[in-house]
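We call the chains A, B, C, D, E and F, going by the order they appear; numbering starts again at 1 in every chain.
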Amino acid sequence: MTLRQDQDDVAVVRADGRAVDELRPITIERGWSANAEGSALISFGGTKVLCTASFTNGVPRWLTGKGKGWVTAEYAMLPRATNSRNDRESVKGRVGGRTHEISRLIGRALRAVVDTKALGENTIVIDCDVLQADGGTRTAAITGAYVALADAIEWGRGKKFIAQRSQVLVDSVAAVSVGIIEGEPMLDLAYVEDVRAETDMNVVVTGRGLFVEVQGTAEGAPFDKRELDALLELGVAGCASLRDHQVAALDAGAES
Amino acid sequence: MTLRQDQDDVAVVRADGRAVDELRPITIERGWSANAEGSALISFGGTKVLCTASFTNGVPRWLTGKGKGWVTAEYAMLPRATNSRNDRESVKGRVGGRTHEISRLIGRALRAVVDTKALGENTIVIDCDVLQADGGTRTAAITGAYVALADAIEWGRGKKFIAQRSQVLVDSVAAVSVGIIEGEPMLDLAYVEDVRAETDMNVVVTGRGLFVEVQGTAEGAPFDKRELDALLELGVAGCASLRDHQVAALDAGAES
Amino acid sequence: MTLRQDQDDVAVVRADGRAVDELRPITIERGWSANAEGSALISFGGTKVLCTASFTNGVPRWLTGKGKGWVTAEYAMLPRATNSRNDRESVKGRVGGRTHEISRLIGRALRAVVDTKALGENTIVIDCDVLQADGGTRTAAITGAYVALADAIEWGRGKKFIAQRSQVLVDSVAAVSVGIIEGEPMLDLAYVEDVRAETDMNVVVTGRGLFVEVQGTAEGAPFDKRELDALLELGVAGCASLRDHQVAALDAGAES
Amino acid sequence: MTLRQDQDDVAVVRADGRAVDELRPITIERGWSANAEGSALISFGGTKVLCTASFTNGVPRWLTGKGKGWVTAEYAMLPRATNSRNDRESVKGRVGGRTHEISRLIGRALRAVVDTKALGENTIVIDCDVLQADGGTRTAAITGAYVALADAIEWGRGKKFIAQRSQVLVDSVAAVSVGIIEGEPMLDLAYVEDVRAETDMNVVVTGRGLFVEVQGTAEGAPFDKRELDALLELGVAGCASLRDHQVAALDAGAES
Amino acid sequence: MTLRQDQDDVAVVRADGRAVDELRPITIERGWSANAEGSALISFGGTKVLCTASFTNGVPRWLTGKGKGWVTAEYAMLPRATNSRNDRESVKGRVGGRTHEISRLIGRALRAVVDTKALGENTIVIDCDVLQADGGTRTAAITGAYVALADAIEWGRGKKFIAQRSQVLVDSVAAVSVGIIEGEPMLDLAYVEDVRAETDMNVVVTGRGLFVEVQGTAEGAPFDKRELDALLELGVAGCASLRDHQVAALDAGAES
Amino acid sequence: MTLRQDQDDVAVVRADGRAVDELRPITIERGWSANAEGSALISFGGTKVLCTASFTNGVPRWLTGKGKGWVTAEYAMLPRATNSRNDRESVKGRVGGRTHEISRLIGRALRAVVDTKALGENTIVIDCDVLQADGGTRTAAITGAYVALADAIEWGRGKKFIAQRSQVLVDSVAAVSVGIIEGEPMLDLAYVEDVRAETDMNVVVTGRGLFVEVQGTAEGAPFDKRELDALLELGVAGCASLRDHQVAALDAGAES
């Protein structure tokens, strides 16, 4: 595979008119759920993910008495989030490999910015349910989950489960997909782009610009170091922009 | 149990200020999902249910060649739809009894107004996913599912899977909960009312005012015929009002 | 649907020669099981259900220390109880929706006549296993389960797990199916009648004649209030007759 | 372990008064189930097993076109068949090892006396459900299953699914447990004996006196050849007696 | 079936050139696993089973405080141990009947030679994983499991979990398959022989020559007492030879 | 996190004496399994993985008639492969998230070097069973699976299922883990190193040196681009060395 040589000269236009390094329209409806301690309905274009954070005072038995908290995540998709209906995993009687893998990824991404000692013996479970899918569901989930997590932590502080001055979040975290399509590196792939990508990568980046996770896969032909570098650069820039959306949402006043 | 004697004289006021025979605020966002052939995000007060209808040309093998279609439904709740988080049924590896029971109820309710011969050999699966729960989730699901179903049928007609003049829907259908609290029959119970009800009933009624399903349960003391009649009357009136909301939503122009 | 106008004039005769308001032959073999604390093999015509009550001193963890007991039920069918063999739910690896729904119904029906405080911290599990099915299995199960429950309570009293004068059963409970076939309301449907019924209803009624549960479903066309009333009247009368059978069985001397 | 030396001199009396080589009272209610093609409710003392045979014209896909039939069996126990209640395998979501093992044993025992070519492309499934357990449930199941099987074969012959003169059953089959208790070999152990047995053996023997299956297990100390021989002798004699009960039941006239 | 009369006169030669009473080449690689407390990779010809013993100080809850230990076993087969690939039981979501049955057999065989009081409150789990299958996998598993068990017990003694002089193993145990092929009793059947055997038997015998388990099954025609005796004799001799291999392996110096 | 500045000056020595850029001893026993069409027992130090390839003529139904083959993989661990015993996934009744994730990774890695059109309508299933685990099990699995795959393809060619000149493998593939420990990038982490790593990365690289998969995770603190580059460089070099081991194994003559 060879990167396009002319990328500085010609503006490649995507199906939805975006530039190659442009995110889809991002919206974050913070506090969407009246019941959860933190929540956000996030959309990356047509991808809509409801992220709720459930705060429990106390930790699972295996962690009891260690003075540390626990953050975990579960990802799932409604059966008709996608273009054709998928059977429910509850009906099939088991969680599929892809679901498990993404749940684990989201959990790791969040724990990377949490100081579990500062959290104290509290548990936060983040549920990311994809209501509508159009590519990048796991990256939208991570980005929205951070907002829900931040609000749940503040809820816990308000209830005195977390010490007033304790800094639980050591950084923020966001994620975005990048990929190479017909030799062109592109940011934030929609579903129609994702299925055409030769190389597909998800990058999880902190607010300070450090990597938490880099997962690149050759869907078509294997890729070389130059392509990898081009994708990482796009991904880091995309996450910086997502961080700004997170900050704006969290600054918009107390959760209603 | 004795019905309150003074119900004509004193206006009983409920926690949210409603009259005993008043529905919560009802909203129906038709066409909420871009991917499904029919959809509605319905709310009965704090209860929000996303109903999607998936249309497939063809029927399950056991029905093939009989010239009839099939309509079925699945109900589920997001883990944090409720006040405290419930484990996912996909993670537990099986669908609970309550979930099964409600899925079956919704399916029966919809089939009661569908002429499966007129539908032809097509299958419509309705998914009702509770995004937020505040009592009456199964009745909101039935009421919203009807709207999604109606749109999916029109989609199938547009695609010529259903004959142009064939009348698939022989009536409309809606549902509401009613219950007796401290001797007072009340319409459309919110969660705080539901847990206090001595008798709890769900009625499923067609647009013409006929019963499809009547499910009354004594949660506290058994009930007598007079109480039953009072509840049925409230329920029929509530369903008539819900029918008007359905009509308004479906009249509001083509699904966007 | 219209109720037959001539029902007072013409005696409708059913397949087995019964009158429309007549139960099938009812037998209750109390104490059928040597191992259980209470048991009854009940038959409604060709429907035979073995009901056993298992008494345990103590309650599930979630109920401990509240001074209340627990009564629950499980319903199941032998694979060849029916006309053609069904796969075992144990082999399929999960309990079907219908099974769950009926188990829950039986449990609710029994709890409606039990004073759990008077029961004390004891648990009674009722198993209702259908050995042969010919319609009305859930109503036979409830009716037989009451007898098994009553004996298990006396067993617990004999063992001093229940206080001597404590009145655990506040009433008796029985159940029967009713339905409308070709416009004619009928009592206690056999299988061949059940599949033809336009409307199908199960009523659970206490010995004093109060409703515990009313579950009516339009299998064919929706039904109106007059039909509903006719069915309820038949059901209440049928349950009164079943109560007499229960009393006779329980009066027949100590469980052998 | 040493066999008692005095067994010819002293009559050992068992808890229920039986001689060491005496079966418990055996009853076989042939045709107990109105729905199955063959059935028998068999009792070995307090052990009661309902055996039903379900006849299907045709064979599983893997056997199609080979001109041979298939006989298989499933064994299960009602939750309160035993002295204390066991959780249902359907609720646990899986069939236990013991259940599987016994189902396989019953199937093998029956197939040993069936000429599957003579059976033709037909399937017979035998269900053995233990209604009450007092030791020896698997041996009662095999013995009763043979009777149900024989009737199902005749049913198939009556329906012309099996050729008129074809000899499907090449022999009969019965089974009994034997064991050594305090050095004394005994026939047909009741539950209280079974738990005390040092060595426990199940023998499956044809009507002609040949072995189909011999399963001996040292529950306490290992056993020697002389003990093994003593047990086999008792078992063969017990099966001969059971064969007579089978013959009597099958001679008692056509299944009603 | 008739035993061949000429067996003393003519040397029957098997596919692999063995005599009828000859074992396949036996190898025992003791201490194959660096992680387990005891282990052996055993081969009976082409059958290779990895047996590991996992020692845990403490017992399952139901055994706590009784001063006794627990020994249990699990048997499994790699998907491509056999000639054609089998689906994994983990992927199918349940353990098959054959697997359960063999796991139970291995556990019983080992417990027959263990003094659980001398073991003290310790648990040993033996895993027998078939890496390559060519008949007799369960008998190889038992024979290898004994070696792994013996080493795990010594490990526990070294760690002072078991008293220095306590004699945990009261005997050794080995197992072998025997069968009748074309009227000829044969020892240690390879897969090609196993599928042809008319009668198939597994015998589990202690080092002192006593029976722990005898499981004979007529795969073809039923068998008589003379055939049974011939098989038992072969099996006892085969187990004596396997015992010598076990002793040699255990004498070969401390586990590396 | 900061990379050690002194890495050129001081030779960092690891627990087992290796240099930071040195693989553990690698062995590949090609053709270990007599039953599989291709197999390799690979070891990376104490990590031992048995890889078998099962060749089937034909493809899954969803791929039929497209002229393309299918390669897939399953990964699993024996319960006592690790230092303490894990419950079997078959007993737990479901495959864990980690297992699923690794199975998917291995399958993707192999498919990246297979021309499925050249493979024709054939299916190859690779089973990677970890017999002993000491870190890097997924990378050893990929590296060994390639050898088993290559042999299975040659087997298929020998059987004429694959065209004589068709080039099924377009490249080779190997994998290795890399990580940063106390600021030092290291190759091929053993278990004791893996648990200490701040950043952990698996790289899958083709024989020509192109990336198939890059999966880097911050286990401790997030990492920067310089660290990422250092890890990638080590990984590419390690995979080149593994490629030489693969070539040597495959050159060693026909599978025995």
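To be clear about the criterion, a residue touches a chain if its C-beta (ideal position, glycine included) is under 8 Å from a C-beta of that chain, and two chains touch if they have at least 3 such contacts.
According to UniProt, the chain labels map to these proteins: A, B, C, D, E, F = Ribonuclease PH.
Treat the numbers as computed from the prediction; the structure is a model and nothing was measured.
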Give me the step distance from chain B (Ribonuclease PH) to chain D (Ribonuclease PH), shortest route via touching chains only. 2
Across the interface between the identical copies chain B (Ribonuclease PH) and chain C (Ribonuclease PH), with over half of residue numbers shared counting as same and under half as different, the residues used are same
Please tell me the distance, in whole Å, between the geometric centres of chain B (Ribonuclease PH) and chain E (Ribonuclease PH) computed from their C-alpha atoms. 60
Suppose each chain is reduced to the average of its Cα coordinates; what separation in Å results between chain D (Ribonuclease PH) and chain F (Ribonuclease PH)? 52
Whole-angstrom distance, CA centroid of chain E (Ribonuclease PH) to CA centroid of chain F (Ribonuclease PH), is 34
Multi-chain contact residues (two or more partners), chain D (Ribonuclease PH): 93-95
In their complex, what parts of chain D (Ribonuclease PH) are in touch with chain E (Ribonuclease PH)? 94-98, 100-101, 103-104, 108, 112, 171, 206, 208, 210-218, 221-225, 228, 232
Given the complex, residues on chain B (Ribonuclease PH) that touch chain A (Ribonuclease PH) span 33-36, 39, 46, 50, 52, 54, 56, 74, 76, 78-85, 88-95, 99, 125, 127, 129, 131-134
